[in-house]
Amino acid sequence: MLELEQIIRTVMIIILSTVALAFFGIFFGLIYKGIDRKISAHMQGRIGPPLRQPFRDVGKLFTKENIIPENAVPWVFNLAPLIGLVGTISILLYLPIGGFQPLASVEGEIIFGDLILILYLLMIPSLALVIGGFASGSPYATVGAQREMATMIAYEFPLAIIIITVAWKLGSFAAGGLGVENAFTLTAITANPIWNAVGPLGLIGLILLLIVLIVVTPAELSKIPFDAPEAETEIGGGLLVEYSGRNLAMFYLTDAVKTVVMASIIVALFFPYNLSPLFGLESYPAYIIDFTFFLIKILIIIIFSVTLIRVAVARLKIDQIVYTYWVPLTLIALVGLICIMWDGTMMESYGWPKIAELLGFI
Amino acid sequence: MIYNIPYIAVAALILIGLYAVIFKRNLIKIVIGITLIENGVNLFLITLAFREGSIAPIYREGQNQIMSLPVPHALTLTSIVIGVAVLALMLSLIIHLYRHYNTLDAHKIGREQE
Amino acid sequence: MNIIDDIILHSPALIVAIPLLGAFLTPLVSKINDKLRNIFVIFIVLFTSAIVLLLANDIYLVCGKIHTYVFGGNAPITEGGFAIRILFEVDGLNIFMALIATILAIAGVIYSWAFMKENTGLDKYYTLYLLMIAGMYGMILTGDMFNFFVFLEITSIASCALIAFWTNKGKAIDAGFKYIVVSATGALFVLFAIAILYGQYNALNMAVLASKIQFSFLDKIALVILISGLAMKAGIVPMHMWLPDAYGRAPASVTLILVGVTQASLYGALRMIFTLYGGKLTTTMNQIGDVSIDLNLVLGIFIVGLALLTIFIGVLMALKENNFKRMIAFAAVAEIGYMILAIGAALTTVFSTNDAGTGMMALKGGVFHILNDALDVGLLFLVAGAIYYATKETSLNQLGGLARNMKYTTIFFLIGLLAVSGMPPMNGFASKLIIYESTYQVNPILSIIAILCSILLLAVFVKVFHSAFLGPKLPKFDNVKEVPKSMLLAMGIIATIIIFIGLFPDMVVNYIVQPAVNALTNNSNYISNVIGGI
Amino acid sequence: MSGMSRIVKTITNVAFPIVLIYGLYVIAHGHLTPGGGFQGGAVVASGLAMLLVAYGSIWVIGKVKEKQLSILESIGAIGFIGLAFLGILMVFIYSSFQGNFFNNFLINQNEIPLFNEIGAGLANINTAGVIPLMNFAVGLKVIAGLFAIVLVMAYATRIKEGK
């Protein structure tokens, strides 16, 4: 009977922590949305709405009527927002939050929390948006959905290059790689910061990759200048034009959570450092300080990759978006990849040192 | 050298057959090409079976003599059987195609809009 | 000795013989009653499947077990040490492929009941159908080169006749003709290679050949001819021309089995490369001037190149295609590319001593993907067939708004869409993940292209989903109804398996895929099972 | 296709039985001499095709239906597979029997008197167990199958001419 009890306890813990994670995602997502709006308002010389404005928006939307347009396919139309929200929250399970390991990782056998899994899971909210848009049956929504699809294909190329490159650097045995096992898991990536593995040439490559990733983020989140799918002024909200009430609120929440998710991925890939080892803290104080530091890192990334770009630039046309990602950014990412590959060769054949060794970190 | 002539014939048959299959536009010629390849392969098998001074593998006749290998003969026979089936199938398809399109030109077949 | 043991003992023969017997009984049974014939055919297929499952259970019970069955005698090798008897040798890989064939056969037969109901000449249809299934099982289970060729041709002839089954359509006959030309040529290539090997080693049995093979110059030629012949049958670019036509024009239930036949050809290539030549590929170097070239690596890189080409062309052609079934067919071409990408990547490393782990993993992904691709593409074809059944329309420009009337079909399409484009939590993701995470070791670019093409595939199918199922109501489809239950059941079976594999990929990999990979990489076991006696 | 001239018909009348007998001989001696079910069947079928050419497809179709041929073909195939199956199923008759699919259960079986007494010689007709029987089955299948193919093709071209 003890085993049964244990199983029940494990299941309860998993359910509870999932709920907690969902709350965490939604709460901080909305807060970051508020901060984002506040900062952009200040940058434009406005006062801006208060921080809790997003909460109010969501609350209001939930009380409104849920209208299903005549041309829509009702069951697909209603299912899409739910899938989007669930899909986004499920990504959180695979991400290391602060000092905590990913929830879905099993002790001993860490095959979860996989980068490619996350890459694909990130597509689910976009896919839900696309299918929801197509299911609305409105021409604006159809145009928006097609644009979203095009954007998705566009940014997925550089994103794939970044992810494969990082994992290759960590996982491969050849060319100066670390030979880390399960190099695609976030657990392995956070345990072995990528900066430690590169030499001077690789450093340039990594910085290029980081820049590309930061430019990919607004497209992933459908923010200006890559928000052609939604484009209020042009196609009246695009994908979301027919959505209202609860469904719209769910898409709003999806967007908020996705912001946190994207920022957490950047943190995990490029800034996996924690403060607690620095102060020699353990147990609860360490959790608290790491978590706070994590929130700050996310905030900085959001400000850089969302707010600043969003305020500074105007919206691109869809063909410009596709061009941007397929030509310049892909080229930059490829240059980064080549730099990192050469870096390995240099280390192997000419004995170039690693940057971290030079600075005495490792 | 004289024993290599069958192999040269095999290569020639197969290459001519391939040429017909790839470059000819007439469906009947394509079928002829496939038959040529098949004959080439069959000839190859028969050639493998041959031993100098051997007789046909008939049990009663050849108890104390050298027989040519019976296994490749059996393989060739099977191959011929299959070839007949394939040939019949292809020709009947050609009949159908001709009835649909009134032509045997491979470039004019199956191009209609639906 | 009880009857179950008896059946297991004779199972390799029964798996092929029962559909064959059923095929020839079908014309007689259909003289009595049409419904009886359908039940009879379904019974035959289910009975065969039961035997396959029994055999599978028997093989998976003992690690590395190989079930050898000798036709017409008791010992694999006669007194003189001359292996002339036909052998069926069933190891982990064979039974893995047989399980795939089983799933496809069950779904196809159940699907046919309603799908083909309005056609005439169904006794011939079912005869050929069972013949095709028997040929597919034969190709998969046989351990004899020439027998492999015979079953290859049986399958080709049956499937060609079935592709051209709708003889009132010119394009269907054209597709059938193309198919028979390509597959006859491919099969003759295979026979030619078999003849070359026979001429050198005086054996047709795969295990005996594998033990004798020297990797001489002629053997290399034979390998190239074998691979090109089987590649024609498997639809690898640049020999893929027949595939979209054949897949697109055949009745959907036939296409399903055709997918299995394509996989069986791919299995043949795997068997030839790994088991027949595997022992020699490990150490083969070729001296050209001062440089020694690892032929194993050359072969692997060549296959990887073909694979990238296949993926690219499949995806790009799918992007611009307007016919529902042809589009799925091009996606199937791309999926084949994924398998051979993994196989090629595996070949470059699996036999090397220091980095065999990557190769094993890539091979695992490739073999696993054979299963997943058969299920995913099969399901999509069944859905396309269902749409054709309901609307008599295959052009995407003419379709629209079907999600309202055909709810279950829509859900099945959605499952197939996610699976074929490798989205979690479907099975396609599980195998593609393994492929990405192993091929990147060979070169990161491979993984990047694979991911990109998989996402393009997703875009293709979302477009299909939009234009066929969503969008405004079309007045001409007001009366469209959901397809009959038997078709839904067939799609449901495949969809359930897809989701099951997607949720528990570990289980499938450990219990089914791993034995197959072990069987591939360890050919000495295969050889010693036959010639261990002498 | 209508029939050909009287000369052709007469020659066919003479040649047909000879071809038929020769084909049947090849089938019956398949296990002893080169040949067998397929070759003999093909010979017989070519004789039938000769009949078809001489008398025309309409006349032949009046005598033989394609459906009957397909039944004959099925019977031939079932006979072949059935004999192969008997290799396994013999277990139920002789408990001591250990057989496989395609096992030649008639050879060296003392239990069946017919196949024990005759055929002591080296190349007698019944020395090969089930192989002659299988040859008969294959011969039947090939005769029916090939003739059906020729018949259907002749019939198909007839329709074309009528169009």
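The first chain written gets the first letter, and so on, giving A, B, C and D; residue counts start at 1 in each chain.
Note that a residue touches a chain if its C-beta (ideal position, glycine included) is under 8 Å from a C-beta of that chain, and two chains touch if they have at least 3 such contacts.
The structure displayed is predicted, hence computed values, not measured ones.
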Q) Count the touching C-beta pairs: is A-C or C-D ahead? A) A-C
Q. So what's the Cα centroid distance for chain A and chain B, whole Å?
A. 61
**Q.** Approximate Å spacing (C-alpha centroids) for the pair chain A, chain D
**A.** 72
Q) Distance-wise, how many Å sit between the C-alpha centres of chain C and chain D, to the nearest whole number? A) 35
**Q.** Overlap residues in chain B, where contacts from two or more other chains coincide
**A.** 96
Q: Enumerate the residues of chain C that touch no fewer than two other chains.
A: none
Q.
Show the residues in chain A shared as contacts by 2 or more other chains, in ascending order.
A. none
Q. Is the way these chains touch best called a line, a ring, a star, complete, or other?
A. other
Q. In the complex of these two chains, what residues of chain C are touching chain A?
A. 354-355, 401, 403-404, 407, 410, 422-424, 429, 433, 436-437, 440-441, 444, 447-448, 451-452, 455-456, 458-459, 462-463, 465-466, 469-473, 506
Q) For chain C, which residues are in contact with chain D within the complex? A) 6, 10, 13-14, 17, 20-21, 23-28, 31, 69-74, 86
Q: Could you please specify the touching residues of chain D with respect to chain B in the complex?
A: 32-34, 36, 38-39, 42, 122-123, 146, 149, 152-153, 156-157, 160
**Q.** For the chain D and chain C complex, residues of the former touching the latter
**A.** 70-71, 74-75, 77-78, 81-82, 84-85, 87-88, 91, 98, 100-104
(Q) Which stretch or stretches of chain B touch chain C in the complex? (A) 14, 18, 21, 27, 30, 34, 37-38, 40-41, 44-45, 48, 71-72, 75, 78-79, 82, 85-86, 89-90, 93-94, 96-97, 100-101, 109-110, 112, 114
